[in-house]
Each structure stands twice: as structure tokens, then as C-alpha cells.
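What follows is a short report on a single structure.
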Amino acid sequence: MSFGEQLPIVFSALNTGFLQTMRLFLITLVGALPLGMLLAIGEMSRFRLLRTIIKTVVWIIRGSPLMIQLLIIFYFPGLVFNTPLWGSGESGRLAAASVAFIINYACYFCEIFRGGIQSIPVGQEEAGLVLGMKPTQIFFRVKLLQVIKAILPPISNEIITLVKDTSLARIIALQEIIWAGQAFMKGSRGISGVIWPLFFTGVYYLAFTGILTLLFGRLEKKLSFFR
Amino acid sequence: MAILEVQNLRKSFGSTLVLDDISFTMEKGAVLSLIGSSGSGKTTLLRCLNFLEQPDSGIIRVNGETLLDAAAATASDFHRNLRLKRLHFGLVFQSFNLFPQYTALENVMLAEKLLAREQPDWKERKAARLQEIQAHAESLLADMGLKDRMNNYPHQLSGGQCQRVAIARALALNPDILCFDEPTSALDPELTGEVLRVIRSLASLHTTMIIVTHEMSFARDVADHIIFLDSGKICEEGTPEEVFGNPQQERTRQFLSNYAQQ
Amino acid sequence: MKKIIALLLCLMLVAVAAFAVAEGESDKAYVLEKGTLIVGITDFEPMDYKNEAGEWIGFDADLAVAFANYLGVKVEFQEIDWDNKIFELNGKNIDCVWNGMTLTDEVLSAMTCSKPYMNNAQIVVMRADKIADYATVESLSSLIFAVEAGSAGEAEVNALGYQVNAVQNQAAALMEVKAGTSDAAVIDALMAAAMVGEGTSYADLAYSLPLNEEQYGVGFRTGSDLAAELDAFLAASAADGTLQKVAETYKVQAAIVTE
């Protein structure tokens, strides 16, 4: 098969794979950002037990490889409890990968949120208090935008890492774009023993992270009206 | 009747006694200056008056209304209506603590706007109230000599201008007593003058003020009454002439002579 | 000491009981009740691969469809990571591994397998311009071999005592040779036939020496009664000639095992 004939087949396979990559990326963001916020609030709570539990969970999740977490979350229900939880087919694997990624990234986001909230000088809170503002008003009207500004660089860093980390899900055979590219090395859809599609997946990642970088740059610029 | 009565105020952090049996009264329109070395409890006293710290014991009364009776108060009593009690006082911080994402005008308007929203007639009168609030804020900033700077963000203003915005912000809610916590300590010497001028003009308008300061000549000049705090106790008090001109306590003389040498 | 022994005995009892429950179930009954046979595969021409429409075909895939029909269940193909095939099987994410799987001792000890249905060999792949210099197994001794980790090829090279570079899969082993990071690769003969030569990225590679002879089988969960079921089905297919026909479709008729 000539290179010209290979192109449309390879692109359609890579596009399908990239769609799966995107799904995992978006589901993770939508789940991990709010969960991370909840964890951060819990980590700053007055209840010591809650703080200790969250700190331990964050340590375990951040301290162990995401790849192991993927394997455990996907295989343990069937292997240890003899009940395959995730259902068959690609959707089950996507669900398991999403859960693993959401938990993992929520822990990273949690630490970023906590750091951001705690980086706001205590004087901001006190200035709000002496002006008769309620704690919720102080959080939303005074602190929130400052926190967002402070955490934007580390969060964008983490989100760009997430784009690339999605490729780890291939360990549980989620057919994301790298999996799709690798398939042509062995043989798929009439093309076998072809290496270039695997390396070409890099272009997809570059294009997407490029868009994200521009987006975050804009956001940072938008927030540069104050210091 | 005294506008402010403080009786037997006591506060400790852990085992360190920071305020030890502080009592004083103030008349409406008077200017009280708190002086003393670092760690003498001046700032803690201001923070107690503004309910940023909870005193261990003592009574705080404003216009005859008991805001705090620590002997009777449980923690929940302290926190009840805390917001409303705080509104009797305004506080100007050493480090300004302006809200960086708001312009000078927005900084001054914010608290008044939030309070107005809680009024039952807010919805019907929204546009008119907002106009009133803005006009009020603009006139306050104009009084501070910041007419041209109203739409600037804090990072675009000098330290002296920031502190004047902070004073306008504290005045916006018409507090009974305006407190200053070392208002010029974070400023370059050439910028302190503009802030002191503003405070002086407030004094001439009979604004009731408590000023914690290290500017002795300013304190002597602007205050009606001086309290010298030492190790959490009132060591000496009186008119500026009494305290500066003829200090009775050895500790006061020592403190003042250190300043004279500078 | 007595307490510890008692505790251990208790634990063993619990384990045996749990095992007995798992053993007691018939795997065939489980699959029939579920109504689908999930076949674990990797993309592996000519055994299991996608046609241009994206449907799974191949010698193994076609037979798996026929076997599912014979059982009266639907068939579902699930691509897996080859390293995790035993997890997938025991975790019930798949019901069998049917993917040109060499019946090594390791495989036979971890799964209950069908009888062999195809012959295969582990074959040496290297640069086409060098292959004439290495005509005998002994001549290979100075080379470094890229092999799939845990594969039959790795076992063969290890048995010879030659140097091994274990990589993730057979395709990666070939890439090692192409990139010059290894001198030669040892992969399945059937795969080499599909992957090396004209029209591939490996046009300058060639294969020559087989290192062994081996056989493919289908793996089921340990103790599964489906293995015997498949043996019966394959025997019947061989007897009526359908097996040979499928083999001819994928040009592997020379390799199939028929008793």
C-alpha cells in the first residue's frame, strides 16, 4: 500500500484515538477541578480527623504512579472481588480510566488550590471583616479572583501535563491516540509494519497543547489588570 | 456621655499576657494617640476594639451600648452580631490591605454596596442607591485629594495614595470611631506627610479617632489625649503637654528620650 | 505458636472456600448466561486484525465468531495489553485469549488452554544486507537480540545464552533493529511474514533462521470447561473442512494442526 493510500486510513484511526484522548481529558477536568476544590476546603477544615484523612489520601495518590492506580482501579474489582465492575467494552475502560484520572488529578489540584488560598495575605480577610463583610462575601468578592490569578500558572501546567498523561491509560487498553498509532506497527486495517503513525501522534498533542497554551496565556493577560 | 468606654480589658496569647487590665474612656470628637514600643500591646488593643481578637475579659461600650462583656460572653456571644458590632469601628491598616482587583472607587464602594443589598427595599431602589453610594465614595476620595485617581487600581497608586484610599474606605461606613494602626510605618518618609495631613484635617472636622503611631511629633500635635502603653499596661496617660512635656514615669522618660535621640 | 497455626488454618479454610465457589461455577454456564463471549486480542495480522472498515477479521477472529455461534452467544472482541492478559482473564474482563498465543510453560500454568491448533516458530529478523553472514545459530552468538518481554522468543534466546534486550512488544522489537539499537529481533514467524519486507517500514529487514518450533492455543480461565468445548468444536471444524477453508483465506493453511 502506498503512502498516499495509507494516509486517510491512518488519519481516521488517529482521529478516533484522539477523540478518546479528548474524552478522557475533558471528563477528568470536569470531575477533578470541583473534587480538588472540595478536598482543598476539607484540608483546611477545623476537623483534625478530616484533615488527616485527606492528607493521607493525597499522599498515597500523589506518592504512587498513576499507572499502578489505573491497574488497581480497573483490575481489582474482578481479580480480588470476582465481580468485574466496569462492564465490557471500551466504555468500561474509559469509565475506569476516568475514575483513576479524576482521583489522581483532584489530589494535585487540591494542593494547588490550598496553596493558592493560603497565599492570599491575611490582611485581605481582616480588611473585609472590619468592613462588616460576611465570610462568604469575603471569599467570593475579595479572595476568589486573587486565588484564581495566583493558581493559574500551576493549574495550566497541570492541565497540559494531563493532556499527555492520558496516554498512560493504554495500560488498561484504552484505545487512545498512542494506542491507535502503535496498532499500525503490528498490523491494522491492511497496514502493517509501519512506524510513522506512532510518531505522528506527537503532532496531535503539540497542536492541542498549543491551543491550551494560547488560551491560558490569554486568561493570564486578562487577569493582569491587577497585581 | 463617653463615646467609648473600655474597662479592664485583658488578653493573652498562650501564656503571654499582651493586654493587662486596660481601662480608658473617650469623648466624641476626641483624638486619642496610643504610643509605646513594639510589643507593648498597642496593635492588639486596636484589634480587640475591632473584634479581630477576642479579649479574655473586660467590657467594651460604645455610646452606652455594651458591645462586649467578656466575663458574661461565651464564644457564641462573641460571634453573634459580630458584623454589626464591628461597624461601630473603622480600621486603617499599616499595610493598607486594599483589594487589588478593585479600583480606588470600587474599594470604597464595595462594603457599603454589600450592606445596601441586605436592605429590604434594595430591589426597588437599586439604581438610586447605587448612585448615592457612588456619589458618597467620590466625595470621600475627593476629600482625600484623589479626585483624579478614582479609577486607578491600587498597584497604580503610590503608598501614600493607597493609604488615603484606605482611609476613605474606612470612612465610607460612617464608623463612630476610626482607628489607625501605624498608618505611616509602611511609607517612605516623603510620603508620610500627605497621610498625616489627611488625618489632621479629619481631626479638625472632629472625627473621633484612635491612632497608634511612632510619629511622636505628630501625636503631640494632633491628639487630645495620649496613652503610653508598656508591657500591656497603661504606664502613663494625659494630655500631650503632660505626657511629652512632663512625664511622671521613669519608663516614659526613657521611651521618649530614645525618640528624641533619633 | 499454636495460635498462629490456628490462624493460618482459618485463613486457608477461608481461601479454599472462596476458591471452591469460584471453581464450582461452570465457566461455560457463566458465558451462556451472560450471552457474550469476550475474546481478548491484540492487533496481530493475520490472526486478529481490523479490515479497512474497522471490523475484526483474521484466522483467529473468524474462528472465534464461529465458536461463539456454536455456543449460541454473541462475540465481542476486546483489545488488551498483552502484558495484562492474565489479569484480564481472571478479572473476567475477557473470557479467553485467542490471539496466536504460543503455548509456553508459563501460559499453560496460568490458564487452561485448548489443544494446539497452529504451528509457529520463533524466527530471527535482521538487516537484509547482513543476513547472509549469519546462517547458523552459532554465528549469532555475538549479537544483541530485541525480544518481547515474556515472549517465547525471549525464552529461546535466553536458552541459547545470548544477549537480550527485552522490549514492550514484538513491534517494538522490530523497531529496535530498524533503529540499530539492537542487532536482531526474535519474533513469531507468522508475524514476521506480515510485517517485514516490501511495503512496510521494515523493507530493509529480512528473516531467516527459526530458533524453535512451537504451537498456538487458546487460553481460558484456570479450570474452565470451555477449553474442552473448543477442542470439540475445532475437531468438528477440521473434520468438515471449514477450518482449512478459513486457513486458506488468510494463507496460513500450511501451519494449521489437524489431527
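A, B and C label the chains in the order they appear, each numbered from 1.
Basically, contacts are C-beta pairs under 8 Å (C-beta built on N, C-alpha and C of every residue); 3 or more make two chains touch, one makes a residue touch a chain.
If you're wondering where the values come from, they're calculated on a predicted model, not measured in any experiment.
The chain pair with the larger count of C-beta pairs in contact, out of A-C and A-B, is A-C.
With chains reduced to the mean position of their C-alpha atoms, the one farthest from chain C is B. Here the chain at the heart of the structure, going by C-alpha means, is A.
For the pair chain B and chain C, the distance between C-alpha centroids works out to 81 Å. Computed centre separation for the pair chain A/chain C is 34 angstrom, with centres defined by C-alpha atoms.
The geometric centre of chain A is 47 Å away from that of chain B, both derived from CA atoms. The set of chain A residues touching two or more other chains is empty. In the complex of the two chains, the chain B residues touching chain A come out as 50-52, 83-84, 86-87, 89-91, 93, 95, 97-102, 110-111, 114-115, 153-155, 169-170, 173.
Remark: chain C residues 22, 36, 38, 42-46, 49-52, 54, 76, 78-81, 84, 87-88, 90-93, 169-172, 174-175, 178, 191, 194-196, 199-202 touch chain A in the complex.
Residues 1, 9, 71, 74-79, 82-84, 86, 88-89, 92, 170-173, 175, 179, 182-183, 185-190, 192-196 of chain A touch chain C in their complex. In the complex of the two chains, the chain A residues touching chain B come out as 121, 123-124, 126-127, 129-134, 137, 141-142, 145-146, 149, 225-227.
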